[in-house]
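Quick one: this structure, given as structure tokens, is what I'll be asking you about.
Naming follows writing order (A, B, C, D, E and F), and every chain is counted from residue 1.
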Amino acid sequence: MSNARITLVNPNSLIKVTEAIERAVAPFQRLPLEFRFLTSADGPAGIQTQAEADASIAPMAQLFLREAATTDAFVVACFSDPGLHGLRDLVSAPVLGIGECSVLTAMSMATRIGVIAIAGASIPRHLRYFRAMGVAERICGELALDMKVSDLADAELAFQRMVTVGKTLRDVHGADVLIMGCAGMADLRKRLEDECRLPVVEPTQAAVAMAAGRLFGRGG
Amino acid sequence: MSNARITLVNPNSLIKVTEAIERAVAPFQRLPLEFRFLTSADGPAGIQTQAEADASIAPMAQLFLREAATTDAFVVACFSDPGLHGLRDLVSAPVLGIGECSVLTAMSMATRIGVIAIAGASIPRHLRYFRAMGVAERICGELALDMKVSDLADAELAFQRMVTVGKTLRDVHGADVLIMGCAGMADLRKRLEDECRLPVVEPTQAAVAMAAGRLFGRGG
Amino acid sequence: MSNARITLVNPNSLIKVTEAIERAVAPFQRLPLEFRFLTSADGPAGIQTQAEADASIAPMAQLFLREAATTDAFVVACFSDPGLHGLRDLVSAPVLGIGECSVLTAMSMATRIGVIAIAGASIPRHLRYFRAMGVAERICGELALDMKVSDLADAELAFQRMVTVGKTLRDVHGADVLIMGCAGMADLRKRLEDECRLPVVEPTQAAVAMAAGRLFGRGG
Amino acid sequence: MSNARITLVNPNSLIKVTEAIERAVAPFQRLPLEFRFLTSADGPAGIQTQAEADASIAPMAQLFLREAATTDAFVVACFSDPGLHGLRDLVSAPVLGIGECSVLTAMSMATRIGVIAIAGASIPRHLRYFRAMGVAERICGELALDMKVSDLADAELAFQRMVTVGKTLRDVHGADVLIMGCAGMADLRKRLEDECRLPVVEPTQAAVAMAAGRLFGRGG
Amino acid sequence: MSNARITLVNPNSLIKVTEAIERAVAPFQRLPLEFRFLTSADGPAGIQTQAEADASIAPMAQLFLREAATTDAFVVACFSDPGLHGLRDLVSAPVLGIGECSVLTAMSMATRIGVIAIAGASIPRHLRYFRAMGVAERICGELALDMKVSDLADAELAFQRMVTVGKTLRDVHGADVLIMGCAGMADLRKRLEDECRLPVVEPTQAAVAMAAGRLFGRGG
Amino acid sequence: MSNARITLVNPNSLIKVTEAIERAVAPFQRLPLEFRFLTSADGPAGIQTQAEADASIAPMAQLFLREAATTDAFVVACFSDPGLHGLRDLVSAPVLGIGECSVLTAMSMATRIGVIAIAGASIPRHLRYFRAMGVAERICGELALDMKVSDLADAELAFQRMVTVGKTLRDVHGADVLIMGCAGMADLRKRLEDECRLPVVEPTQAAVAMAAGRLFGRGG
């Protein structure tokens, strides 16, 4: 029996982000699973506004249909989970969203969840999503780095800002677990935990873990 | 000074639905406003699943960008308000959704709101949306006709089923106001009110009223 | 056919407030509607406490009964909507409250709503009301000017304080739309929007817009 | 030191109801407290609609002001607690509402609370009130006897209907405690408990207990 | 007929705390009731973490079973109400928790409740409890003294810190009533009210008041 | 490097239940993990009431302390997750509860979750727990088999009753995913899915999947 295959789709067109997603999954590579990492070439160059999130859905739907026959579980690898429920209508395999999975995972770790967003413009969208999920009362605060996705290349700058935001969520908002509200920052997770002295959920890892659970739980 | 212009977009490709939307707006034609009714020719043939709702966004976004220069307010004329928040990112004119406006209007009329859906498959999507809006506790029940959009041509059959569902929402769920959870059924509103002896909100009319209010309130 | 008539009732006895309410409605005067502005001469001199709000109901009920025969829609023109649901029991015409309508209108504009109250004493009452309405999770903050209603005569002083409060709601509480939590301040709306760079809902205008929508939607 | 005095006010003008309220308090007469029972002679003849509840406030406010000097705690003896928050603005003594106290008391007894209303017309008002109190999720159901207040004279008929409604709340809605949603039915409490095999909260008794607690807790 | 007996159980093993609980009940001693104060000798030395709260349940259950035959109502005298619902399964007498009763009592006094916790580590546990109770939206804030239970011996130090926290809850979080989130601090209540100019609920007194109400309401 | 070890603890003393828990984990045995299955010999013989759930905590805490040195993740294998938060205070390894994990997993699968309980007496406890978790609005209904744990030996009888309850949750309450609200019934999951035509979450499998995710995500 061949290994089950998990297809992760980066809904934006930045290959650098896809590569960072792949690095996030590294710890799971020792599992008897096959991972595939796709970039949605026709997606937007980044997803900050709701319009960009929505624009990413149609090209992603094409990718899903194309890969459905050879995929056992899909992961939408953007924190806003664009199109998540609709993609579930399109394919029979489980479809996991990294935003949803990161919140659910954090809920199993501590009572009050703080979210570190990249851009302030994303916060109302996330808020609507947390409410739609029915978990808004678990989120004690969400604060933005207010840095451009492109600037995240300067990992050290992003990291220092992330630490500041994480400590504010901890000390002012009472967070006892943090979520990185963006794909592609897994490299910083361990250091962020050390600096903030709080557990940190990296969304792609949360989703891969839940996808693996779904597959093995089924005897996959 | 010329009249302000409201552009209503039917996100599915059925011209018959657009025509029904136009009839819904008839009572407002005596206002000093200009109305335009567009069919999203590249949209899906109907919107029941989340995938269909999502698929309607991209072509609608093109229409919005094309019409933005000559539009003072947009109305997304599908009860699921596909793309509503993202379309607000794209154009500077107000964008109203008939789903959102129908709920807000019903909230100004009575305490417990019952929703009549066309298809059961839409109910989880509506539920997520009511939660995202933060109004789920006002909805005392939503029940489906479980008829296809295409079958709505037989208005009499649809109407009788609608009356049955409306009375159940009233008697079992306690609704004191009803919302028609679909565009294009305005012709039946008055009769439904008479049969159910409850006020009934027709979504397109609710949205046009709120769009007009936005324009006149601004001195439009 | 004569135009439909909307009767706005100021539940306090200050004619100056009624005049400001009339100015708020000016942009709607080009609609085929007739507006009437009444002062509840036996009402309290101002409404800040719950006791004052309650004391305004009985005289207002008399006014409503007296005017019912010649009114197509009523507007209760105080942000606390005193007696709103009970007045709906008394007359058959629609009764709109400016508090309720301002919140519903703001909900169609943005995700997080900030409210500017005149007096801190009103905030617990408003909070109970937002909860009763089922919309409390949409209100990201309410802050008071802490100025007396009588001091609002010094419009410039009130305005500067309002700007400060509005900016705090925006920057600290995350508001992306503001509501003026009081009747009679429409003259300041445009300037407040410009200073705060956020849309601002004026409650009387929101209610007149929704009242007009109800009347035209009915073929009125 | 003389005993503390609790003034109970029946906001409707029916002396028969005041007498029943007095009987409800009988078990507390052995406490070192003085009880006084007032009928609001200018109040409405009964309180079913919101308009009737509102109409009862102004005459009750007069009573409160008149009795304030000789009262240590007030009880508003109508399940809808008309004017409760405003009356607290008028007098310095604690003001308890029998509706509020009955819900709070039931919350200390069991998880899911069922409410037996007299009239269906009261249910939306109660629902708004439970939401304003922030306790709506504790109420698993409210059902009405659909009998007139005047018909309650036929205690046996009322009782049988009450048993039926109580059992439905228990078996269909999951109630594990019941509230009698009206003043003046204390005589039936014990029998209702026996028939439904559930604890039953009588609102006047709940309020007197909490009023006594407030007074003794203060060294009263 | 002999007086009804209320048994208060301190779930931790500190006799000093039991003595403070006894002092809290002093104002109720003039009621025709008998009070008994028990220390759970096998309980933990203090209850700050959830593990300590849980560890207190088993020895308390033994005490309850031993005292059930001679007790008319029990009070669990720890703000976290350890084992409350389970203890209700064990004995037929009413079991009241001082945490639950303090919140319910505060809800009858004002709209926004602030809670003063001893230790920050308790706050997530309290938050889960307020949510389980369905009252979380009434709590506008909870802040900790961040002092050890043992340090409370220095009542003056604790008191000054309590005043600071109480004023922050009032001025920053909008509290209009405060709860002392711990047993054994009744001696400080009156002074805290005077300093903060807000009503203060002492949990043991709130529970004894509600227990007395339950007993007298039953003719006890 | 040796495999990470997950210790599952059955908090009741029935070895038959522990064996069923072990069978539930079978599909995960191909992962590079070591599983250990412990029975809490001093726990109650079954857990239906809150008192039984609470009584299971103290012996389980002993087990946890004893096994902490050789365990990388713990699973509390009872749907009520007795002591979950307190056990997290006792050991540094992750502690997962099968109740919490089953709800979180179901939330990643569909919008409306139905729960099949063994005993009606458990439902209020579960309800308090769902509220404490902040997810109550995702649970569209919970219904009980009303069979004793001991009777579950007759798997076929239990299964037929489970199918009936599952279909009621689907058709009357709108569930689109089901949770088996008890440990030890994994053998029936696949058949239940087939009969009800809905996905079914088995709690132990959900928890093992999330525990594995936590361990691998850490590079475990």
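Throughout what follows, a contact is a pair of C-beta atoms (placed from the backbone, for glycine too) under 8 Å apart; a residue touches a chain by one contact, two chains touch by 3 or more.
Quick caveat, the model's predicted, so the values are computed rather than measured.
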Touching both chain A and chain E we find C, F
Is it true that over half of the residue numbers where chain C touches chain D are used by both copies, so same, or is it different? same
Selected interface, B-C versus B-F, where C-beta contact pairs are more numerous: B-C
Go ahead and note the Å separation of the Cα centroids belonging to chain E and chain F. 33
Between chain C and chain A, distance of the C-alpha-averaged centres to the nearest whole Å: 42
Centroid of chain C to centroid of chain F, CA atoms only: how many Å? 52
Interface hub residues of chain E, defined as touching at least two other chains: 124, 128, 131, 133-134, 137
Applying that definition of touch, give me each pair of chains that meets it. A-B, A-C, A-E, A-F, B-C, B-D, B-F, C-D, C-E, D-E, D-F, E-F
Applying the document's contact rule, which stretches of chain E touch chain D when the two form their complex? 27-28, 30-32, 94, 96-97, 100-101, 104-105, 107-109, 133-135, 137-138, 202, 205-206, 208-210, 212-214, 216-220
Across the complex, what residues on chain B touch chain D? 110-112, 137, 174, 176
List the residues on chain D that touch chain C in their complex, please. 49-55, 57-58, 61, 83, 85-90, 124-125, 128-129, 131-134
In the complex, the residues of chain D that touch chain B are 123-124, 127-128, 131, 136
